[in-house]
Amino acid sequence: MSNKKTTPERLATFSDGVFAVLITIMVLDLKPPAEPTLTALLPLWPTALSYAVSYLFIAIIWVNHHHLLKFTHSTTPGLIWCNFAHLFMVSLVPATTGWMAATRFAAAPVFVYALVFVLVEIAYIAFEGKALSQAGASEVTPPLRRMTRIRSGLVLGIFSTAAAISFWSPLSGFALVCCVLFIYLTPRAPELLRKSVRS
Amino acid sequence: MSNKKTTPERLATFSDGVFAVLITIMVLDLKPPAEPTLTALLPLWPTALSYAVSYLFIAIIWVNHHHLLKFTHSTTPGLIWCNFAHLFMVSLVPATTGWMAATRFAAAPVFVYALVFVLVEIAYIAFEGKALSQAGASEVTPPLRRMTRIRSGLVLGIFSTAAAISFWSPLSGFALVCCVLFIYLTPRAPELLRKSVRS
Amino acid sequence: MSNKKTTPERLATFSDGVFAVLITIMVLDLKPPAEPTLTALLPLWPTALSYAVSYLFIAIIWVNHHHLLKFTHSTTPGLIWCNFAHLFMVSLVPATTGWMAATRFAAAPVFVYALVFVLVEIAYIAFEGKALSQAGASEVTPPLRRMTRIRSGLVLGIFSTAAAISFWSPLSGFALVCCVLFIYLTPRAPELLRKSVRS
Amino acid sequence: MSNKKTTPERLATFSDGVFAVLITIMVLDLKPPAEPTLTALLPLWPTALSYAVSYLFIAIIWVNHHHLLKFTHSTTPGLIWCNFAHLFMVSLVPATTGWMAATRFAAAPVFVYALVFVLVEIAYIAFEGKALSQAGASEVTPPLRRMTRIRSGLVLGIFSTAAAISFWSPLSGFALVCCVLFIYLTPRAPELLRKSVRS
């Protein structure tokens, strides 16, 4: 039955729809100020900063999701459910972003924000495992797999540390979360990391 | 005319869009608390629980929808309209989820929530009938069809019972609705059921 | 350049996204009542009825849009802009639906609701013209084209009459708008009409 | 690995989803008036005008985006990130549209609105550069490339001027922004411009 081949594409289409709604639903929180002055925009910096960071994170998540699905030749129930768990965790990002912005980076909201990213990362690792299990050794070499695991563990550690730190210094916790942006900025980071280690 | 073949895919694309919006529109109800403390999150458990359950249900509905469309070789008006009826019923899930959460699982909202799932199931059974009528006997064997019908009837019975019970004990009604999650968790449940019956 | 062939599909994907958001954004107006009783749902009948009718209209518009795009072999600027005009008019449906529901079918909102459908129909006729101009005589026969034009003119007349009537009797105007649902229910109506005329 | 070819299509699908949500999310700001009279609609003209202009701009952006992706044979990280930057800037359009409408075209909101379009244009120029760098000389001739650059510079200049003017006369600034609509109305404008220059 040739129709079965269309399945990975439909998983991608659905996930794209969810990512597109999540990344744009946050703009509903960009409430313009009541007064028509530029200075009235200044107190909105926590909202602007939170929105920009969350937008960038969802973009990074999409790029990685997109990269992983290229190795997927068929959709298994495991892959579908790991994907749903991953999307569920990502769906918590807009609400926590809004809470963090409304409280101007208070301790508890930054802790929850970092915690949501811990959960996003755990679900992503599970999804990554399911997706890469379908790739042959020629597509993903053993050293590359090891580097991918190291990166995932590293990111998980940074998010957990950020969550813990945020009780003492919320802004430091938030800054630490932002550090991950640079690690995950390109899906081929593990590959580059491996090359720099080798040379 | 070769363009006609693209039709089932467009039905899938549109349905995916609707599912993606419905599953994410519920996050707009995840209103963060006013105070920046973790204890302020505790009274939000009905919202969190309702959201998680409704998310899981829409995920299950998507998986089953996705599975059924694999047997569809062309889109007939009947299939399209059963699909719209199905999507309409699913579109009532976010509002009833919000009502149930806001009233902290009061009797009437849980009754309406279960009732919406009765309607979702009735529309799903009609959609299933239209989709499977296109599948040949080699794709869907007669015992598998019978098992599919038994499962659908069973789920319909559970949802109806949950609706009735919710007037006496809303939480029991809600718990009964959640039981269906396990029955519908995999689209191949009828196949597994048949195998366990045979052996 | 073979990429040009993907264009009609991307027009369909984008339009599907807009239709999916429009049809589901209306559920945000389904505000559950404050009290957890079934009788508290009764005063919501104008919202429920308006939502159901608008949902059905957008479904019908999607079916017809979908049907027309099957005759489209390439996307021209004219087709794209007629499509955007059409989507713009459809995008006014949720707001007017909400106004009609909030005012419980008052004269002015029903007039505007009918007027929006007049505009939707005008844009649809332009879109239909652009799409069918690409179809050969073997795909769309001259009598079928004539019947399509008659149907479009008829629907335009009904919507205009409904708009006019709604100032005297808003509910009659709304009922007349609903009559169109039956005319447009199937995209092959003109074909059937032609056959019944012939025999 | 043949899967890599699906990548440009997935970039298009995701972008279409974002455009579809952005163009329709603005309808949530179309709040119907409290009174059921036609005269109650009159004070809403700033909202209606802003919505129509922003809708048209996002439509134009989509048409141009769509046109550029036809020249893209593979997705590079640079193309993906320019696309995300572009979508981010476009995502600021609904909020600034709402602010401009709520303040009835006050100076600061119109300035910010024009500024957002300056940013959209800068991101678009970067995206255009990445996309056209993949096109061969036979697809995009050197004079066409030059004309495209001239048009982009011209539009950037108009948006910047509009931003500056809006402090003295907000409505003139807004009118100047609208002028760009005519320049960008067709993606083949540079081609036509070149032809008119030659003849």
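Going in written order, the chains are labelled A, B, C and D, and every chain counts its residues from 1.
Quick note on the criterion: a contact is a pair of C-beta atoms (placed from the backbone, for glycine too) under 8 Å apart; a residue touches a chain by one contact, two chains touch by 3 or more.
Because the structure is predicted, anything quoted here is derived from the model rather than measured.
Visitor: What is the Cα-based rotation angle between copies chain A and chain D, on a 0 to 180° scale and rounded to a multiple of 5?
Guide: Rotation angle between the two copies comes out at 90 degrees.
Visitor: Could you check if the interface between copies chain C and chain D is built from the same residues on both sides, meaning over half shared, or from different ones?
Guide: Since fewer than half of the residue numbers are used by both chains, the interface counts as different.
Visitor: Indicate the whole-number Å distance between the mean C-alpha point of chain C and the mean C-alpha point of chain D.
Guide: 27
Visitor: Averaging over Cα atoms per chain, report the distance between chain B and chain D in Å.
Guide: The computed centroid separation for chain B versus chain D comes out at 38 Å.
Visitor: Spell out, as numbers or ranges, the residues of chain B touching 2 or more other chains.
Guide: In chain B, the residues touching two or more other chains are 13, 17, 20-21, 25, 28.
Visitor: Touching chain B in the complex: which residues of chain C?
Guide: Within the complex, chain C contacts chain B at residues 9, 12-13, 16-17, 19-21, 23-25, 27-28, 30-33, 36-38, 40-41, 52, 55, 59, 62-63, 66, 69-71, 73, 139, 186, 188.
Visitor: Touching residues of chain A toward chain B in the complex: what are they?
Guide: 1, 3-4, 6-7, 10, 13-14, 17-18, 20-22, 25, 28, 77, 80, 84, 87-88, 91-92, 94-96, 98-99, 102-103, 106-109, 111-112
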